[in-house]
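Got some structures for you, see below.
Each of the next two complexes has chain A plus one other chain: chain B in the first, chain C in the second.
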Partner chain A sequence: MSVQLTLEDVRVALGGNEILHGVSLDIAPGEFLTLLGPSGSGKTTTLNVIAGLVPTSGGHVRFDQQPVEKRPPHDRDIGLVFQSYALFPHMTVGENVAFPLLTRKVDKAKRRAVAEQMLELVQLPGTADRPVRSLSGGQQQRIALARALAPSPSVLLLDEPMAALDKQLRETMQIEVKRIQQEVGVTTVAVTHDQTEAMTMSDRVAIMRDGNVEQIDTPEALYRRPATLFAARFLGETNLVAVRDGRLAGFGTGVGARSGTAVLRPEDFALGGDLPGSAPRLSVRVTTASFQGTRYRLDVVHDEVGAMIVTLPASTDPTTIAPGTTIELALNDGCDLHVVPEDVESEPPLVSADLTIAA
Partner chain B sequence: MNDTTATATVPAGGRLASPLRGALGGNGALWLLVPPVTFLVLLLVVPLGFLVYLALQDSGFSKALGDEIFRASIWRTLVLAATVSVLTLIFGTIYAMALAIAPKGVAIALLIALFTLFWTSLLVRTYGWMLLYLPQGPIYSVLHGLGLRDAPVEVFQKTAAAYPAMVHVMLPYVVLPVYAAIRQLDPMHLRAARVLGAGPLLTLRKVVLPQLRSGIMAGAVLVFVMSLGFYVTPQLLGSPTGPMVASLIGASFNTPGETSTAAAMSLVLLAVVIVVYVAADRVFKVSEQWGR
Partner chain C sequence: MMDRELRDGLGLARIPFLVLGVVLGLFMLVPLAIVVPTSWTAGQLLEFPPKGFSLQWYRAVFDDDTWTGPIMVSLRVSLFASLLSTVMGTATALGMRRLMQGRTSRVMRSLFIMPLAIPYVSYALGIYHLFLKLPSGLADTTLPLILAQATITFPLVYVVVAGALANVDPRLSSAASTMGARWPTILWRIELPLIKTAIIGGWVFAFATCFDEATLAIFLSPVDQTTLAQQLYREASESIAPTLSAVSTMITMLAILVLGIGSLIMGRGTAARRGGNA
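Showing the complex of A and B:
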């Protein structure tokens, strides 16, 4: 029941505008892939193409090598969880979950049995006869998931599945969705603009931008080795430091690449005194320092590099990093710098509005 | 869907009402109730009381209920009202759906047709049907022209003749609430049904129609209640030997010495309407639909 899902140079044009410029994805059976990107990047369109809700103007969508782009949605054997859940208000929980089985002409006793089994899976047993409206947002989401999974679909699609939930519930549900997906083993594609959500749930994440796939990889690889400045800025907090003539600006150390931009994560730094003298280092002035339980988060400024974000262990002596003081920062792992072959200035910083909505 | 709209509108109305009440001098503003209460007492309570008074003279109730013609007409009227409601419900729902899915130009034409129907005088429309029904009228001309019929059509002043005209008259009362219900459908539900494997027919049957149910029923009950007391159309088009209740009441009032029987008949009809409405409201929650 889990299929290999392939998108091959998929193009979508709406009203004369091309909004997907040849998206290719190869998703292994049972894999959980998340499409991550700002609004307008084409991630929802890509999901709708897989669902058959948006017609393609070119390319192929294949389930286990079989092209499906000509098939209508109800003929594709997919489960889709909508952002608004779209549960049918006039049906009970059980009728909602059993609806896809009804459309597949499964008999009543079997429908009931599968619905019970699905409600068990999403940890809402015994709710089959309750009206949908009597359930909370989180419960409705579980029901929507149960309904999508009831016919054992080839592909499970999740459209911003957590958008309607509050933050705390969202974290619980991310882990819950991941558990259920692994238990069922269905090939899954999710869409989100929340990077934490993407990293928590997915085996791989595809970062999308302006109708193209910018980079696709595991969350770890995307975080540690972003291919582009866009990917580096989009996933996690980052300090982008220019590399000129083979040297890292501010630090002066030699790096492997001639030019480009080094991606330094806040946790790549330590206080200079804690590391051997060979580690690359520079002096910065602390602007703000805030204690965040597991760590200190510092905003620092360097004349040449500019503003940076640094995190230090919670055990750091607060007096040494008070705002206004000058501290020496060293790189934890100086030799393993990741350099993107793009100039820092070549691209304006990401507008973060889209991300703050998600947080 | 209806529940949520109902609960959403109640507090909104409350917030609006209380400052208004304060501005007009708290409970001292009860004088505002004087016009509607006067209106109700003068035009509803007093005539009804008078009707009861009339009916109690000359044992009107026993005469009315003992009259076989009256009992037959009650039954005939119930059959007419029920048939007309069911037909109007079917055609009205189809019309409303056509209205909702038609391209803009066609939808506007359909709306104009509907409102022309709504705003044309009942009498004019009924006379239109009379012309249509004439023994050698348009129906005959068409059938004759097609070589299907030589003898004149004899539908005028038959009981069945009232049915199409009644459905025609009542159509807007079903179309409008059903159209309103269609506009409130969540398009995501239709998408969800498609993705979950439902073809168009199953989607209509299991997702769309159940959500239109209260709108359809509100319209059908209104049509039923109105049909029970309908006078002009059945009187002019229907069979003179098989009158509806309203015609019979009219005739009795004009017969000297039958006033108390006519009054009693009116009250029996009123009782039937109330019973039907309360029962329908219990089953279909009709007042909720009209109350929003």
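Showing the complex of A and C:
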């Protein structure tokens, strides 16, 4: 049931505008890949290309090496969960879930049995005879998932599956979707603009930007070693610090690369006094400090580096980090300094923009 | 909440609206209240108030083939014409949604609604001359009348069905296609069931319009096949007999019955779709 899904230099042009400029993805059987990007980055278009709802103008979509880009949606053996769920309002829950089996000419008794089994899988057993309107948003989403999975499709596609849910339900459902996907073992592609959702559910995340795949990797690798500044900024909070002549601005420490931008995460810092003198350090002024339960979050300013975001352990003495005070920050021992080389991206780094604001 | 604000916002201006409503209602009901009793008369003249009570004029209608003939013709013509316009109107609404977008769609929509604006008399005259060119075997049937009535009721069905379709999420069709459904399945299992009540409503509307229509019938019905509305005109211009009242009353009852059944079906459709929370 799980297939290898390959996109090869896929291009899409709509009304004279090219909106996908050669997207290539290689998704292993049973893998959960999330397309993450801002609106207009082409992530939903990519999903619709896999589904066959948007025609390609070039490149190939392959299921287990078989090109499918010319096949209509009904001939692709996919399951798609729409952002709006698109449940059929004139059918019961059971009829909805059994619909993909009806189109595949499965007999009635078997349809009923599979529908029950799918409703069990999404933890809504016994709802088959209820009208879909009687269900809550979270339940409707489970039904949409059950319906997409009912025919055991080759590929499961999820279009912003959590967008219509409130925050708490969203977190529960992310875990739930991941559990179901692992239980079924179907190759899955999801689309989201929510980075937490992407990291929670996926084996790998593809960051998309302006119709291209910017970077594709595991959530850990994307967070720790972003290939571009866009990727660095899109996933989590980031301090981008310039590297000139092999030295890290502000800290003065030598780093591997000649020039570029170092990606420092808020949790890479500690108070200077807590670390041995050899650790790279700099003095900053605190502008705001807020307690967030598990940690303190600080906005700090350094004359050369500009504004930065730092998190410190919840056990920190609040008087030492009061707004207005100057503190010494050091880089944690364990943090491996990741530098995005200069030539990767031409746009000016965020740091310089912040400097003008601070000035 | 909103309704209440709107209502209270009108303030004293509500009174003229109320008066207007009552006047309109009376204007509709008073003529009926006169026609219906005159058909009960036991006398020989069409008069109000009626003399006594009898159903003799109803018996007269059913005994007389100058009336029973046209009733059958009207039922047959209206049925075929309304079915034709229902099929065409529904197909057009579905087709427009799939194929047309943007400006082309707006221009096409105006074209489809145009038959509503054409004066029936000039349209009937044109069709009449058109069918004179056809072999008389065709022109002597009710076919020209059926086609013409289907044409003028087509926009009614189109407007009702297209309105219902606008409330159907187009993604439902895409969703069905990702589930392996080809277009006939999407049409029969998704689209038609979702607009079923509108189609029935459009058909009832079209049937009632055809049944009531006299202008086209006067020009287009063959000599030996008169429709009921046409016969009413003809009789009314010659004599005022209580049979006219009896026929009018029956037409009114039929209209109320058909529209009543129609709205019952449509109401049940809506209730079924909303019924989830009950």
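Side notes on the structure shown:
Going forward, the second predicted complex is superposed on the first by the 340 of 359 C-alpha atoms of A that agree within 3 Å, B and C clash if a C-alpha of one lies under 4 Å from a C-alpha of the other, contacts with A are read in each partner's own complex, and residues count from 1 in each chain.
One rule holds in what follows: a residue touches a chain if its C-beta (ideal position, glycine included) is under 8 Å from a C-beta of that chain, and two chains touch if they have at least 3 such contacts.
Predicted, not measured: the structure shown is a model, and the values here were computed from it.
Superposition model on chain A: chain B and chain C are shown in a clashing arrangement.
In the superposed pair of complexes, A:Ser134 makes contact with chain C only, with no contact to chain B. Within the superposed three-chain model, A:Ala51 lies in touch with chain B and with chain C [touch as defined at top]. Applying the stated contact rule after C-alpha superposition, one finds that A:Thr103 touches each of chain B and chain C. Look at A:Arg147: by the touch rule set out above, it reaches both chain B and chain C. When both complexes are aligned on chain A by C-alpha atoms, chain A residues 51-53, 72-75, 77-80, 82, 84, 86, 88-90, 99-100, 102-104, 133, 147, 151 touch chain B in the first and chain C in the second. Residue ranges on chain B touching chain A, taken from their complex, read 1, 3-4, 186, 188-189, 191-199, 202, 206-207, 210-211, 213. Of all the residues in chain A, the ones that touch chain B in their complex are 51-53, 72-75, 77-80, 82, 84, 86, 88-91, 99-100, 102-104, 133, 147-148, 151. On chain C, the positions that touch chain A within their shared complex are 169, 171-172, 174-182, 185, 189-190, 193-194, 272-277.
Those residues of chain A that touch chain C in the shared complex are 51-53, 72-80, 82, 84, 86, 88-90, 99-100, 102-104, 130-134, 147, 151, 157.
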